[in-house]
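Shared between the two complexes below is chain A, which has chain B as its partner in the first and chain C in the second.
On to the complex of A and B.
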């Protein structure tokens, strides 16, 4: 097993290197001058050249990439051009905030998705099924930034119940899941949860429907098992596929959302990426994308390891 | 019928639960303390707080002139006339009659920075080194990038005595006080205290301004409290606190205002204005030194080299129609400067809407239905001060087509447009465009006139994008720099503006009105005709 883990880490290394190269080159392909965020519009050519040199943008791209990679290996993601703050601290704070939002969206999306899925699966072709399925289709197909705006109009602008922007009354510092902070997270989390809710709901509905028509369920009922007992068997049989889908959805949620975080001014990775794109803040953009990409590489590695631990046939394959 | 009072819900358990939850949520809402003003800015981050703010005019408005002072400040107390210079940390300044490059500034006694250290001549020289002397320990590239271009005239500077500073300019330049109004004074003692780190200073800045920074969460909020020791007792802030929140998304700003999360938003989306007004919010607007214009190329082959064509285009624009199209949130141009500006003068060319006169001028210039002018213009899809560039330019395109000027647009991203603007109309990056839609800050003689039209400021030496060059105009610029008596200087500036308009150097279209929406609780705000504003007189009604 240890050998397998080491082998997987060995495979992950070139993937990580490739990801870093793509992160670096992609942002350089975008139009615009990275120094435009900090130079006044009427900066002289001399000053532009000075700043270009100070930030190392006058060097050839391979040299810039090498220097960037060297710094990363030493735990330094560079300094944001627009703010002058270390990218690592900017990204670290944003990742933390996105994780909080993703956790809440996961809780809402998975709970309601599973609930609607079971309701629709059990009451197939009834009005309950149609209502639950309609909600699931709505969740999958509605543009979530639009839903965010609508929720803001209803619950913030009209009813005044919930704040439309920000992460807390004093910002995101010292975030704690008390009622005050929950007021801030509720709208973005609901908006973010609709897609996983819809996907999970449809998956669970299909699974439950299929399982209920299988022979073993009839056999269980014929044995005189209570309906709750049958339900437990259905859950056990639906769980592996549902959990796999939930894992994928969790990955998407953890990646943050530029649109939702921008609509709600939630200071996560999406909000940070949006600011970095508009300010042409290349170090911040590269650093944020790299951290998110590495997050997925690590997540994949962990999934491989966990799957292997659960099913040794994978290791042998 | 309100949702929660619906009989069905009142009777049901669900209704009771929902009502209870709503009540709990409402009761736990952030209570707005009396005297706290919360502002939603358009910036995506807190502008730089170390002294020379970034984020353009908005940065200087919120983290520049609030926390800091310049030697010469702007008087932002009047809404009915263009803002003028007023003594700041310098009580007076004079020019050596024998050497008109030598300026002496007498400093205001008894001024202290927020950290308690004294403001003196050494602090002024230290701050100039911070921007101009790259080998000084306190040199800050970020602040230098913002401040250095604002004081191109400075040659040398020195301490004369603890309360007197001498600054020598490269050439005689009577517009120098306007340049100095951009340069804000940070505390040298605070920089030492923060371990000589500007990053640390950014979190705990110290200036001499009317507001002190009391809380800073990057990208989320900046809290300011009154500096009760402020040297200008008339400008000690009346509020208990001011909170600045970056809300770059226009709809998010509107939602934040409508929900009571903030009391004031900058630049509400134009289509949200009627609903904000209907909901009882105040929309505050005023003229300010902003210009939405087409900068015309004077490179060889440009149709705009003929003054008759330039005048015809200016006569073809239905400015009142454009204002109506913008929901009234614009001031039609009457010249290059805003109407009523002290430097406006009396141009003879009136910017009326007269398509027939435009056609006549074009005919005189050799154009007509059989030989229309066909040219390319560079525009952006959005950008700082650009208002609504796409529909506005479509409106103009139609106006010009009606008199026989056929315009094709090349739409580029705003930062790309800035780079093309720096590179000049003759550069390949201009892609053959003979004009560019640009929005200008026209705050002082340099930003309003000189940078656009002085012969030796054509790229790469400056931002005379169109390569305009007229010795008569250069002579006027020399004259304004050599005229040190303010009244006489205004007279020269009027002559310059008259020439700008009478020669139709630009397609003069409109001025933005700097709209901001606010709760009726915000009282005492006087919207100055400036990019900057004074927050000291504001109070919050109960």
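On to the complex of A and C.
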């Protein structure tokens, strides 16, 4: 198992290096000078050159990349051009909030997704299957930012039950697990949960359908095992894949939360990205994307390892 | 679909050799796929909705009742069912029906074009990687792996954010998001096909690689890749409108569903129904493409 984990890490390392290269090049994709956003309009050529060397933009690209990577490995993601604060601390605070929202959404999505998936998989081609499948298609087709607006219209603007924006009372920037904060997370989390719900219920439906058609299920029934006993075997067989999908969905949600965080003014990474893009704060943009992508790479690795640990049939080659 | 049909029907090998596809003596493979698709009521309903939205977008100047850019501050945010503004008016007093019809043009263009470009580029790269193997495969597929390490929404927004707002930049970003996904599917199908006996036979008979790919591989690979690409259109529509929603795509006053949804957000307390309308159009288009793609998939996967 340890050999397997080492092999997986060996496979993920070049990917991580590639990811860092893409993040680094992002800044150089941008049209114009990365410093144009903070330099005053009447800055002299001399001042521009000064700034460029202060930020290291005057060196050749490979050297810049090397220096940048070296700093990152030492936990220095650079300084935000707009605020002058270290990028790492800005991202760190936002990642926490995003992670809470994404985990909540994944949990809701996984619960309902597996439920609908099992119902549909057991009752193939019945009306229950059709309803569950319709919900799944809805989940993967609905523009979630629009669903968020619709939920705000219904539950905040019309009924006045839940707050429309923010993470807590009085614009509280840090989420805290109490009843008041729970009211704030409910709408964004439900909005976000429709995507994993759709994906998971589709996967589980297919899995359950396949498992029920396998010979061992027939054998279990033939030997007189109760339907609940058979169900337990089905769950055990479906679990590794379902959990793997759940892990990946958490990563997708964390990376894709910008649209929903914008709708709900949720103080997470999406919100930070939005600010970075529109203030043309390229170090912040670069740092946030790097952290999110690295999180996703690590999550992929974890999912691989956990799935293999759970399912002994997967070869640890 | 038409290109596909003509591509494969002339080739008897495709009918016999395509994976999991029964040999049909009387009519071509794509003919029977089309026949099955026509008998699928859900897929047909979805196709009709897509056709209606596309036609409405193309003929918007002929059917739209008003000018999409001309507004009136005294007639702003009229409700749905108004005598002059059937679907209400927006925050600048422009006719919603007119703008929704016109918006289909940019929204569909920006949603569909990246997938079309990615289909050609990704299929090319995937077939090259899959057929050539060796270091060519390693180089292409490792680069693909790197792009797979980014969640698609994040990659699209990162690229658009770095490139700056604009229609062209959004299309470029979304294309970059979809090329690796299509390349991976095309590569895995090509590797399967390459190891078939008839491909081996063609190679041994002395045909050069281009001929083998064109005659034996292309027809068998493009089908599955095409179905996969159709399933991406729905995602692409949502992402393209999402970029405009964030202010990274179309710029005002151009009508586009995502952008309209964004500018109308301020009106959710005054006129919630009108504020939600642009999203209904995105949803309708996206779900129709998904259902049509599902129908196409099951029409192609019938096993006997």
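Everything that follows uses one rule, which is that the second predicted complex is superposed on the first by the 229 of 317 C-alpha atoms of A that agree within 3 Å, B and C clash if a C-alpha of one lies under 4 Å from a C-alpha of the other, contacts with A are read in each partner's own complex, and residues count from 1 in each chain.
The definition used in the following text is that a contact is a pair of C-beta atoms (placed from the backbone, for glycine too) under 8 Å apart; a residue touches a chain by one contact, two chains touch by 3 or more.
Fair warning: this is a prediction, and the values are worked out from it, not measured in the lab.
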Next item on the list: Classify the contacts of A:15 with the two partner chains as first (chain B alone), second (chain C alone), both, or neither.
Entry: second
Next item on the list: Could you say whether A:209 touches chain B, chain C, both of them, or neither, answering first, second, both or neither?
Entry: neither
Next item on the list: Would you sort A:256 into first (chain B), second (chain C), both or neither based on which partner it touches?
Entry: second
Next item on the list: Please work out whether A:273 is in contact with chain B alone, chain C alone, both, or neither, and reply first, second, both or neither.
Entry: second
Next item on the list: State whether A:297 touches chain B only (first), chain C only (second), both chains, or neither.
Entry: second
Next item on the list: In the overlay, answer first, second, both or neither for which of chain B and chain C A:153 touches.
Entry: both
Check: First (chain B), second (chain C), both or neither: which does A:45 touch?
Finding: first
Margin query: Just to be sure I follow: which residues of chain A are touched by chain B in one complex and then by chain C in the other one?
Written below: 31, 149, 152-153, 157, 262-263, 274, 278
Notebook entry, point to check: Which positions of chain C touch chain A when the two form their complex?
Noted result: 142-143, 145-147, 149-154, 157-159, 161-164, 234, 238, 241-242, 245-248, 261, 265, 268-269, 272, 275-276, 278-280, 282-283, 286-287, 290-291, 294
Note to self: Going by the contact rule set out above, which residues of chain B touch chain A in the complex?
What the structure shows: 22, 24-26, 28-30, 44-45, 48, 54, 56, 141-142, 145-146, 148-150, 198-199, 202, 215, 217-221, 245-249, 251-252, 254-256, 258-261, 413, 415-416, 418-419, 421-422, 447, 451, 459-463
Item checked: Residues on chain A engaged by chain C in the complex (per definition of touch) -> 14-16, 18-19, 21-23, 26-27, 29-31, 137-138, 140-147, 149-150, 152-153, 157-158, 251-252, 254-256, 258-259, 262-263, 273-274, 276-278, 282, 285, 289, 292-293, 296-297, 300
Note to self: Considering only the defined contacts, which chain A positions touch chain B in the complex?
What the structure shows: 31-33, 36-45, 47-48, 51, 54, 82-85, 90, 93, 149, 152-153, 156-157, 159-167, 169-173, 179-180, 183, 262-265, 267, 271-272, 274-275, 278-280
